[in-house]
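Note that subunit A is present in both complexes that follow, paired respectively with subunit B and with subunit C.
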Partner chain A sequence: MTTHREGIFIKGLWVEKGSMPEEVPAVPEVGCTSAPLLSMSYFFSAACKDYSEDFVLCKKESGDPRHCLKEGRRVTRCALDLIAKLKANCDETWTKHWECLDANNQRLQKCRPQERAFNECVFTKLGLSKSIPDSPEGQPQIHLKENPIFK
Partner chain B sequence: MINRMSTKLIFPAEALSSLAVIGVISVAVAWGVKSVQHWENDGKPKRWNVDKWDRRMMERDSRMTGNVNRQQAEIEAPPQFSRNSALELETPLLS
Partner chain C sequence: MLLAHLPVITSMSQDLPPAGGFPETVHYKRYLPARGPSGAVMILGVLGIMVYGWNSLAKANAENRELRREAAWARIHLAPMLQAEADRDIVRRMQQVKAREAEIMKDVPDWSAGDLKAPVKGLGKYGVADPSQAESVYNTQRFVQPSFVFLPKEAEGESYSVLSPQWWRGSTMLTKNPPYHHREDFTKEHPLGK
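For the complex of A and B:
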């Protein structure tokens, strides 16, 4: 038996037939793909900080996947809430930004003008601002620089 | 005897013609590869410098939208997303 190799004569993709057990609380999954998620990631980290930290602390407590189901679902619901707010308030600028990211190999440095418009919209409407974790203190962050040499 | 002072510099067309042919073919091949990649990628450039995380996200995108390069920004995922996967099924030749 091979442990891992690429499929050659592929018949289809696996679809799970069983359902989740009753005791696992149901939650809808986030319906954004990679580019919109990357675009909103910094606002997610700002808006859902408490839930995310709670989840990570819970994960450190125990390796059992059943231990942190509730905390994980709180993070998912917070993300869904944030996406709903973004779609209600900044849909146009958000769409422009993630479409630009999608057309540029998801490189943030290629879409600074769109990002600036999106950040401004989110700050005025929702009061969230982007801050890059672990960036050098006392210096302007990379997305705030006008003419960065290193992007 | 050659008068070296009076020899003018003429454009070496015959010598450089081969370089021109190489250049034209290179540009044509690059353009062809690029257009094929755009064609099979919904009119977008092909992803490059893709790491493990990107591959995981592309897998997730394909489960949600049906293609690794198609994007969407809905609030909730479609219902089949909770059950589908990116695991390829294959009947073994020697069972």
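For the complex of A and C:
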């Protein structure tokens, strides 16, 4: 969905050595694997909401990948900033949570104790909290449920 | 007469209970003592078990739904970031492809490299063949993502390379021990090599 199609070559993978043109400002890749990204996903949405929405609206204007490079760089910079902050403030709890996710097939329900510690740390240090959109009203969100059936 | 040989019945004795009735010792009434809980209790019990089970199932389904929604939203929140990276990568790649194409087609006048929607000479409106017209093959205002990329034969000092399939295929079996018809020394006369 989010990535373009990988080139399919019978002989191997297409490696392009050339870099971006000079006039395009350089921005590093986020460079996290899927487990840390999944772990920080809700905080990323809370911290970088404006940039992400800008980017998505821009993508809606045109499907051309060249059209939204500027907005995309802003999203990436915001993500990098958040990752740096998490590393500085909640490195230990974050690492514990994503390592647990890695060990449990990335099922969030398997890592609730670690997640609780991580969420608490992020809330006290950075003021970000996890909230799942469109959760049923009148009951706690699934990550705050006291006695879950699946764990 | 035809019936003349049959005996003549003068009186009939009917089978009847003994005079004064049957004795008390003969039990002819049904005797089925109540065993176990009554039917109403059993129906209510089964109903209770069913209500409990269906209720548990409904709760589990609701929780499962929430877990799936949680995972889905985690991915949705990450989408802009992943898309931004993927866009930068594809822009970089297509720029290189365009530069290579421009180099190959430099002697052809009016060739716009890397432009799928470039007007084609001889193609008229509504698909008619008309040498005086030049229309794009795409009748759309939207961006068209290229489906095919031409990579010239790999050479030394080229700006791209093709990584060995070993990198993504993961198994060395087909590269180190290929089927006989893929081997270098395969010929029709000597299918198994000389």
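We take it that the second predicted complex is superposed on the first by the 135 of 151 C-alpha atoms of A that agree within 3 Å, B and C clash if a C-alpha of one lies under 4 Å from a C-alpha of the other, contacts with A are read in each partner's own complex, and residues count from 1 in each chain.
Criterion: a residue touches a chain if its C-beta (ideal position, glycine included) is under 8 Å from a C-beta of that chain, and two chains touch if they have at least 3 such contacts.
Model, not experiment: these values are computed from the prediction.
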item	value
Broader residue contact with subunit A after superposition on the shared chain, subunit B or subunit C	C
Which superposed partner A:Asn105 touches (first subunit B, second subunit C, both, neither)	first
Touched partner set for A:Cys90, first subunit B, second subunit C, both or neither	neither
Subunit B versus subunit C as contact partner of A:Val122, first or second or both or neither	neither
Which superposed partner A:Trp14 touches (first subunit B, second subunit C, both, neither)	both
Contacts of A:Ile149 with subunit B and subunit C, given as first, second, both or neither	second
Subunit B versus subunit C as contact partner of A:Val30, first or second or both or neither	both
Residues of subunit A contacting subunit B in one complex and subunit C in the other	7, 9-17, 29-30, 37
Subunit B contact footprint on subunit A (complex, rising order)	6-17, 28-37, 80, 83-84, 87, 94-95, 98-99, 102-106
Subunit C contact footprint on subunit A (complex, rising order)	1-4, 7, 9-21, 27, 29-30, 37-38, 41-42, 44-45, 48, 51-52, 55-56, 59, 62-69, 71-73, 75-76, 79, 107-109, 132-136, 141-143, 145, 148-150
Contacting residues of subunit B [partner subunit A, same complex]	44-45, 47-49, 54, 57-58, 60-61, 64-65, 70-78, 80-91, 93
Subunit A contact footprint on subunit C (complex, rising order)	59-60, 62-64, 66-67, 69-71, 73-75, 77-96, 99, 142-143, 145, 149, 151, 159-165, 167-168
